[in-house]
Amino acid sequence: MAENNSRKNIFERMFAIDRRWVYGFLMLAVVLSVIAKPIIPIPISREARSIYDFMNSLNSGDYIHLAMDYDPSTLAELHPMTRAVLKQCFEKKIKVIITALHQNGPGMAAAAIDTACQRHFELTGYRPESGKDWVFLGYKPYPILIILGMGQNYRIPFPNDYYNVPLDSLPMMNGIRNYQNVKAVINISATSATDWWITYGNGRYQVPLAIGVTGVMATDYYPYLQTGQIFGILGGLQGAAEYETLVGTPGKAVEGMSVQVVGHSIIIIFIIIGNIGYFATRKKSKLGL
Amino acid sequence: MKRQFPLIIIFSLGLFMVVQYFVPHEKSEFFYEFIALDWPPIIGAFALMLGVISLTRVSITKIKRKKEAWGYSIVTLIGLFTMSAVGVVGYHYPPLTRAFNWNFNNIMIPISATMFSLLAFFIASAAYRAFRARSVLATILLVAAIIVMMRFFPLGPLTSVVGRASDWILNVPNLAAKRAILIGVGLGIVSTAMKVILGIERSYLGKD
Amino acid sequence: MDFGTAISNTVAALLTLCIFSFLYKDNPFYKFAEHLVVGVSAGYWVSILYINVVIPNIWQKLTAGKWWYVIPTILGVLMWTRIVKRWSWISRYPLAFYLGIVTGVAIPLEMQTKVLEQIFGTVQSFAALHNSSTDFWAGFNTVVVVIGIITSLVYFFFSKEHKGATGSVAKVGIWTLMIGFGASFGYTVMARISLLIERIQFLVNDWLPGLFG
């Protein structure tokens, strides 16, 4: 009886520990993993490969639209996707029209473009130029109407680019009117903007669409993948790591996935311990102990 | 006319936009392009400013009445006015743009990103204390979650098995579940939109 | 790493640690950082709206002789009457203008994208079953998907009590939904932990090396 009481107390004691010990344990595990920098192989999903293969099939001088609809709170998962896509575009000399339809996003988008241009310069000696290789349109409120507006004519919502240069004076916007002039839209988003691109961009104008979304949202878009309304999904940090691997520049996402293994293992262990304790406690109370 | 006229505006514009989708006549395209799509972003800019005005009023009221933790409202206002000033003035005086970018990169980004990273700890605590297989349904949920969480684990010979199980979960039952939810959401959006256009749903008008 | 970058990273790191201090308990450092970001974000919106909307879409158009842009500008200013209770009814007009447009475009497109295309995709894949080139597992998966969708929709049909045959069908539906939610939960855990990993990567790989040379 005493032994049963002490075993019951162990489980009760375990679940009564201050939650800050749990936080500390997770923090320590993540910090040690980041310092150790383990490497794991990144399996490539069909959903990510289809985006990569599509982009690879494009020719130099083709246009794509990169819609960066996220804010700093989700840059951990989405920024690596943006960097990988921009790298592939600059390497293949694909012209990129970029928008940032989240009110906290334009500054971050401008910084990401600047970093991508600098990296390309370091690799090749050529720095992609605004108006010639890429154009950043910036932000406007009411994304639904902006997406519809760009489908008619980019100049309706964006008479100028983010740097207030008239669109008509930019060489790469000559002859570019709307989505019919771009090969696809790659939407990297943490908000309902993805739904709006699918509904209003692809739904009304049938522009081919691929998405990169946070892990929280990724599972919701498989129905659209099956119907062909989107042709690829990059889901969360894993999707970012897959794309970094595909474009040949493993970066923060690939490093982060190794640490993810540790994080996920901790969560799974916590769930298992919690359930062992739950069933043990339930069994004891059923036996009247 | 305080309530009737807005309802008339919504009904006429809503009906027009539905008809315009199916009958893209030249004249309706003109209205669509040059009014329906061009004007609302301008109105939206002022609407977003409402939030800023409201924040300013609330902060000033808190400071005036010396409510609890009023000192932090001063921090809010300093942040607001500093960032607005360097941004707006920086457009006309470019050297200030560096200060604007610095504030964004070294204040907004770290704090926003870190705030959301706290959720990792809360999920760990919840996993330890609350995620119990109390019923068959909860067990199904947990098993599916664990398989998906392990999809990229290096498990030697089991790696491909777990990977394929995870792919199957995402592309078959998850697809079915999410599609059913999507159909329900779509019908809900359409019915709510119709209720707004027909004036049945009037909560956006507020009180008189 | 140059001195300016080291200082910037230190400011960012200190603010990061202010937010992390909340894990121990609510404290003035956390509150300071929280209120600071609220103010800076609001200020950022003001700047972005001024640079990206007021200048190109209002000022430059009006000064180019397109006087009709004064109409949406006035409608926008009328939105601000919401602040004063006595005049807040005026803000209904610009709100009605926006709502009318958005609800109008939503009806056909939401119906098409979320309902019709989804039903079409389901029926199309089911119809392809009789195609001799469909392999067993593709056929099996299609049947599972169709059963899952129908049973999940029955689960959400609350106008009929879930008893008898309806109850059994709804039960299969809720099992399907639970698997879907489990998949979402798995991805959500990944999402949350990634956000933490990025912050730790910044502190360990960017800030500390710069601090200690």
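A, B and C label the chains in the order they appear, each numbered from 1.
The definition used in the following text is that a contact is a pair of C-beta atoms (placed from the backbone, for glycine too) under 8 Å apart; a residue touches a chain by one contact, two chains touch by 3 or more.
All of these numbers come straight from a predicted model, not from anything done at the bench.
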So which chains count as neighbours of both chain B and chain C? A
Could you pull out the chain whose C-alpha mean position is farthest off from that of chain A? B
Identifier of the chain whose CA centre is least distant from the whole-structure CA centre: C
Just how far, in Å, is the C-alpha centre of chain C from the one of chain B? 4
Counting in whole Å, what is the centre-to-centre distance of chain A and chain B, each centre being its mean C-alpha position? 16
Taking each chain's centre as the mean of its CA atoms, how far is chain A from chain C in angstrom? 12
Chain B: positions in contact with at least two other chains: 21, 36, 38, 40-41, 44-45, 47-48, 100, 104-105, 108-109, 112-113, 115-117, 120-121, 123, 127, 142, 146, 149, 151, 170-171, 174-175, 178-179, 182
Among all residues of chain A, those touching at least two other chains are 23, 26-27, 73-76, 103-104, 107, 140-142, 145, 148, 204, 219-220, 223, 226, 238, 260, 263-264, 267
In chain C, residues with contacts to at least two other chains: 23, 41, 44-45, 48-49, 51, 53, 55, 57, 98, 101-102, 105-106, 109-110, 113-114, 118, 121, 180, 183-184, 187-190, 192-193, 195-196, 198-199
List the residues on chain A that touch chain B in their complex, please. 15, 19, 22-23, 25-27, 40-43, 45-46, 71-76, 103-104, 107-108, 111, 140-142, 145-146, 148-149, 152-153, 156-157, 204, 219-223, 226, 238, 257, 260-261, 263-268, 270-271, 273-275, 278
For chain C, which residues are in contact with chain A within the complex? 23-24, 41, 44-45, 48-49, 51-53, 55-57, 60-61, 98, 101-102, 105-106, 109-110, 112-114, 117-118, 120-121, 125, 180, 183-184, 187-201, 204-205
In the complex with chain C, residue positions of chain B that touch it: 2-3, 5-7, 9-18, 20-22, 36, 38-55, 57, 69, 72-73, 75-88, 90-91, 100, 102-121, 123, 127, 137-138, 140-149, 151, 168-187, 189-190, 193-194, 196-197, 204-206, 208
Quick one: in the complex, what on chain A touches chain C? 20, 23, 26-27, 30-31, 34-35, 73-77, 103-104, 106-107, 138-142, 144-145, 148, 158-160, 162, 164, 198-200, 202-204, 214-216, 218-220, 223, 226-229, 235-238, 252, 255-256, 259-260, 263-264, 267
Under the definition above, what is the set of chain B residues touching chain A in their complex? 21, 29, 32-34, 36-38, 40-41, 44-45, 47-48, 100-101, 104-105, 108-109, 112-113, 115-117, 120-121, 123-125, 127-134, 142, 146, 149-154, 159, 163, 167, 170-171, 174-175, 178-179, 182
